[in-house]
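Dropping a structure here in structure tokens format, bear with me for questions.
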Amino acid sequence: MRILLINPNTSVSITDRLMASASTATSADTELVPVTAHRGVPYIASRIEAAIASNVVMELLAEHSTGIDGAIIAAFGDPGLGAARELMDYPVVGLAETGMLTACMVGKRFSIVSFARALAPWYRETVEWHQLVDRLASIRMPDTDFSNINDVQTEMQTTLVALAQSAVTEDQADVIVFGGAPLSGLVKEVLNDIPVPVIDCAAAAVMQLETLIRLKLRRPIAGTFRRPPAKPSTGLPPELARRIGHQDN
Amino acid sequence: MRILLINPNTSVSITDRLMASASTATSADTELVPVTAHRGVPYIASRIEAAIASNVVMELLAEHSTGIDGAIIAAFGDPGLGAARELMDYPVVGLAETGMLTACMVGKRFSIVSFARALAPWYRETVEWHQLVDRLASIRMPDTDFSNINDVQTEMQTTLVALAQSAVTEDQADVIVFGGAPLSGLVKEVLNDIPVPVIDCAAAAVMQLETLIRLKLRRPIAGTFRRPPAKPSTGLPPELARRIGHQDN
Amino acid sequence: MRILLINPNTSVSITDRLMASASTATSADTELVPVTAHRGVPYIASRIEAAIASNVVMELLAEHSTGIDGAIIAAFGDPGLGAARELMDYPVVGLAETGMLTACMVGKRFSIVSFARALAPWYRETVEWHQLVDRLASIRMPDTDFSNINDVQTEMQTTLVALAQSAVTEDQADVIVFGGAPLSGLVKEVLNDIPVPVIDCAAAAVMQLETLIRLKLRRPIAGTFRRPPAKPSTGLPPELARRIGHQDN
Amino acid sequence: MRILLINPNTSVSITDRLMASASTATSADTELVPVTAHRGVPYIASRIEAAIASNVVMELLAEHSTGIDGAIIAAFGDPGLGAARELMDYPVVGLAETGMLTACMVGKRFSIVSFARALAPWYRETVEWHQLVDRLASIRMPDTDFSNINDVQTEMQTTLVALAQSAVTEDQADVIVFGGAPLSGLVKEVLNDIPVPVIDCAAAAVMQLETLIRLKLRRPIAGTFRRPPAKPSTGLPPELARRIGHQDN
Amino acid sequence: MRILLINPNTSVSITDRLMASASTATSADTELVPVTAHRGVPYIASRIEAAIASNVVMELLAEHSTGIDGAIIAAFGDPGLGAARELMDYPVVGLAETGMLTACMVGKRFSIVSFARALAPWYRETVEWHQLVDRLASIRMPDTDFSNINDVQTEMQTTLVALAQSAVTEDQADVIVFGGAPLSGLVKEVLNDIPVPVIDCAAAAVMQLETLIRLKLRRPIAGTFRRPPAKPSTGLPPELARRIGHQDN
Amino acid sequence: MRILLINPNTSVSITDRLMASASTATSADTELVPVTAHRGVPYIASRIEAAIASNVVMELLAEHSTGIDGAIIAAFGDPGLGAARELMDYPVVGLAETGMLTACMVGKRFSIVSFARALAPWYRETVEWHQLVDRLASIRMPDTDFSNINDVQTEMQTTLVALAQSAVTEDQADVIVFGGAPLSGLVKEVLNDIPVPVIDCAAAAVMQLETLIRLKLRRPIAGTFRRPPAKPSTGLPPELARRIGHQDN
């Protein structure tokens, strides 16, 4: 199967890191097709940036879906996830969603640990959108800033481990979800320093999407994610305009 | 004071209707400055279209805010509302938000009545985002489609009244919120046919925004809507890039 | 328009303070008509005192409503608010309600800061009655007592600012609501000491009530606040007995 | 032990009916001391009337507590219950509270069945105050009015049984709570017509209060129901003024 | 009346302690019939042990119910309570359930205080099963282990009092529930050291069960606890097999 | 990898059906090891039967885990799931859990459709245990009984399709979860008759468990599912006694 891995950030280095982590999780017959946002910011960390990214994700899905069996929106806040499910005929999953749902099979309550305080409100809204607040122990972020998004794993490793330990001790987390594409692959470095399981979202996303594809679920023609009626539009890239106008199939 | 009224739909006819209704609600010293989306669909009715609109709203805010004291995002699902609050120094409100919060002072539970079944999932998520589900009696939509967005008030008047009556009788609604910019101004036509108060969101939005402006609230430098740190960006319109990069003030 | 401002406390000094703050918020054509409780305690701070005040509010509404367009119950716990909506044909709002709903347009979660620990349980029940618990960050009160209700603003200013700062830092409040009629007008003194917006409930109440009056909403004849059927009664003041007995119109 | 049974309605016939039902539930050594409201309405059915009753309950408690070991507020909405707990040193329970909590030991979800549609909003708020909404299956009321409060059991028996049956069949109620003092004693008439257990609130209230008294619980000096500090007051009956002013012990 | 007191732990010393506390709470005409688990662990403190105990409780109920009017499952997590209600024709209550519901008549929010950290997850699930989380202030457990289950009251008294005090001061508990059969009878030792009421679950359970028996409630033939249809079975003790197969009546 | 598939029902025919469905979902290198309950009832449909099954699951896990990498509790109510996670070092999942969490990636709200009305209360409690009630649209069961558990798919196919269609139309379900081991494999027969995706729980369980095993998560030594301390026991099968007593590793 061919899986579209959409990085809604404009940093190709984050795409590379996501691919490295996701590749370890694919089945033998799965090909990952990476695509990086052409518009936006190097690393999404606010609602403003997510609002832009949601639109960009629509454009990337419309443009790159030929021969694709499923897609991953590879930013932790899952920008545009609900919209993507309306737009496409194949399964789409988000990094936050698959990380959290996988965590739910391992503990009663999970904590999200990430690297930038500005992310907390957006991440909180993501948990609320998925209606998993009852399963959330806490969202833990450092008070200090990172200096370079590409080195955030190395630079912040000690801090992130300490946050995870606090989540377990003080917030009663049973499992940790590392939030944010730049943390992909970190789990294996810190496995023994954290007393509960830790979820790598990129790996979880690939495996969960493969599961959905293998289940051969039908496209809904009712319910919240059925395809909306055809619409005319103004000013959109041609592939997206055709998809919204039902002129593509 | 000068209020920016952003119509995230591309239909100028909806802008006109919003202005007609909003104008009846302004104070003597208030000027409404309308602006219509340059990209997107004539009438937003799905998450896909809201995802595009959220981005467009960011662009319109960045471009049209000189001399503005506050802004209304004039589509019922409040696309981009949280992001707009991060982005701008002045108050921003949404049509759904102000309609619902005004309704909360009139009844314990409100019902949203609108004109297109496709809107229901997006409206439901809007109520959830505002965490007002406990105050929601129901969302009622017709099963049939409208033929023309500009005539939807006339064409659907009987249907909308019947839906409102059912919301009161069957769902125990204490107050009705007419959802969707195209219904602006309808309230006065049907006042006597519905046994509970009905809220016109465009009128409520103008008055609520005036209240926020008059309270002279400070711009937060902490909390969920404080301004995010400056960011470089790629491919954005120059005004929005400057605003996100903190190069505008 | 003429607005009845009911102070359910027996202290005329609190009525004066409320009037000073509310007057700054009225439109040019609005007249505020103050009335002070004739029975009860100087400052309501417990459920006992609120139970008494709820009855007193009914009596004051029945007695003072000639020529009135709307009423404010000017104590933070909103004593008798639901009952007042059943009783009167015009809009009635409460200090807590309007403060909290206004805060909801400024932040995701608000904290209530007030001056006496005894108030916390009653305030908590007020938030629950309005079903706004999901939007509540915390209720913060000092551990120490005030010496004189008339000087509480001056005496407690430093403490209240510190509580508000803690609400932001520790409880993630995005906006502060100063709770209690004796704090009316304090906001402008401390604006620069608190990093998020602060709501003055008396000002918010006046503006919100004006909004409801201007919307010319119909009196409900269905739903939770429709007028109850006529009832005979025993031992009530004549105006209230007539109003309950439907002998007044 | 001596139990004060407060009927917040002014109808002595309701007091008699309550006493008849409660008397069957008392232990051998328990004496019931009935007292009927001197102010208010014959039968409380709205928030207005409950607001008045809450005040009256304070007065009756202050006046009639000599030699009393505990009190029952014998109206289903529990008017003044929280205030009564602050006011008195002995246990106080409400009809709704004890009926619902007893029901919780018999089924997962209970329905409240009563005889007048106007009662529903007040009853709903009572369930919310006790935070038992998750255990509530429904509140079922007839659409038609009763003609005489004293005959409501006889007149409405068939209707009430049908409502209870619908609550079981359509709302998945596991147990029925008959709501309202005038229904005291009805349970034994309809036992075989309803397929699940039915709770008589007056009987439950007596037994639950006896349990609290026998447990010899201490008066709280912390928490939500600790006694508020002494207060001066204006215009209150002397016993209540003394109790609020801490001049009675 | 004859009440079956089932100790799902295998320790006879715990049965003795339960009997000592429960005996002080019975009415004159009540006989307590104790029975101790024949299979399992000396003291249940995990979900594993509760899973075993749930089965054992079914066996004990089936075997010992001749001439019995009601049963208490005398372990705080109420193992098998829902199943027991399906199985038996008489009322069955649990130690946690009756402790918590009794506490609800004394405070708005209760804290559970117990003696072993391992109990917390199981106790939390018990509160959730009863849907009383909104009434829960906290669950407080010591960090240190006890040395002997029989001496846990003496050994841990100081610690338990300190935990209860913290629950009041830091978690805003209005009432304390001592969790766990081995704490039966401790309340009277510490009454003056804790500023709010404390519930002894064994005493509460006896009185609550007597209340249910006296109410002469009918056996439900609908709803969640109606008796399941007859079933064949394999490998069960003969009394339980007969009860499940409806061959016993 | 080797996966233990535990059928907590005593019917070997259900084990066979589970294996047929699960086998279609395994990876090439996965071996399924089936085991059938030796004690209990042919098909679990009540809390009584689940209470027995929870104990049996503990015994089967302790006895059959040599060389096993993970286990599935293959009954929809997930009997003993939390206990199993405490007991074993490898991942354990339940049929209901994996079906529901998989459904959450396909729709906002799922409905559970099954074949016997008696199952509804137990299934409801399962959804509550997993704290997924916000994602639940409804539980739909037929009113009529099936005649033979082995033929329930064929016998009930038309009925189950109609229930699923009603769940979509009336309850706004976005995805259907077929509940109950006897329905394994039915999805492919009815794919085109239901307008939304349908989840086969046995297939989902295998794939989700494989995902957990591949993630190589560490055994928690903190949090809700850490291994409880060693305990002595009485009357348990030797393998279970050794596992509980930590004498097995």
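Couple of notes before you dig in:
Chains: A, B, C, D, E and F, in written order; residue numbering restarts at 1 for each.
In the analysis below, a contact is a pair of C-beta atoms (placed from the backbone, for glycine too) under 8 Å apart; a residue touches a chain by one contact, two chains touch by 3 or more.
Predicted model, so just to flag it, every value in this text is computed and none were measured.
Interface repeat of A-F: among C-D, A-B or D-E, over half of the contact pairs recur, by residue number, only in D-E. Comparing mean CA positions across the assembly, the chain most remote from subunit F is C.
A separation of 29 Å divides the Cα centre of subunit E from that of subunit F.
Annotation: 53 Å between the Cα-based centres of subunit C and subunit F.
If each chain is reduced to the centroid of its CA atoms, subunit B and subunit D end up 45 Å from each other.
Subunit B has residues 108, 121, 131, 224-225 in contact with two or more other chains. The part of subunit B that touches subunit C in the complex is made up of residues 25, 27, 91, 93, 97-98, 101-102, 104-109, 130-131, 134-135, 168-169, 172-175, 191-192, 194-200, 203-204, 207-208, 210-212, 214-215, 217-218, 220-225. Interface of subunit E with subunit F (complex): residues 10, 38-42, 45-52, 54-58, 80, 82-83, 85-87, 118, 121, 125, 128-129, 131, 224-225, 228-229, 231-236, 244.
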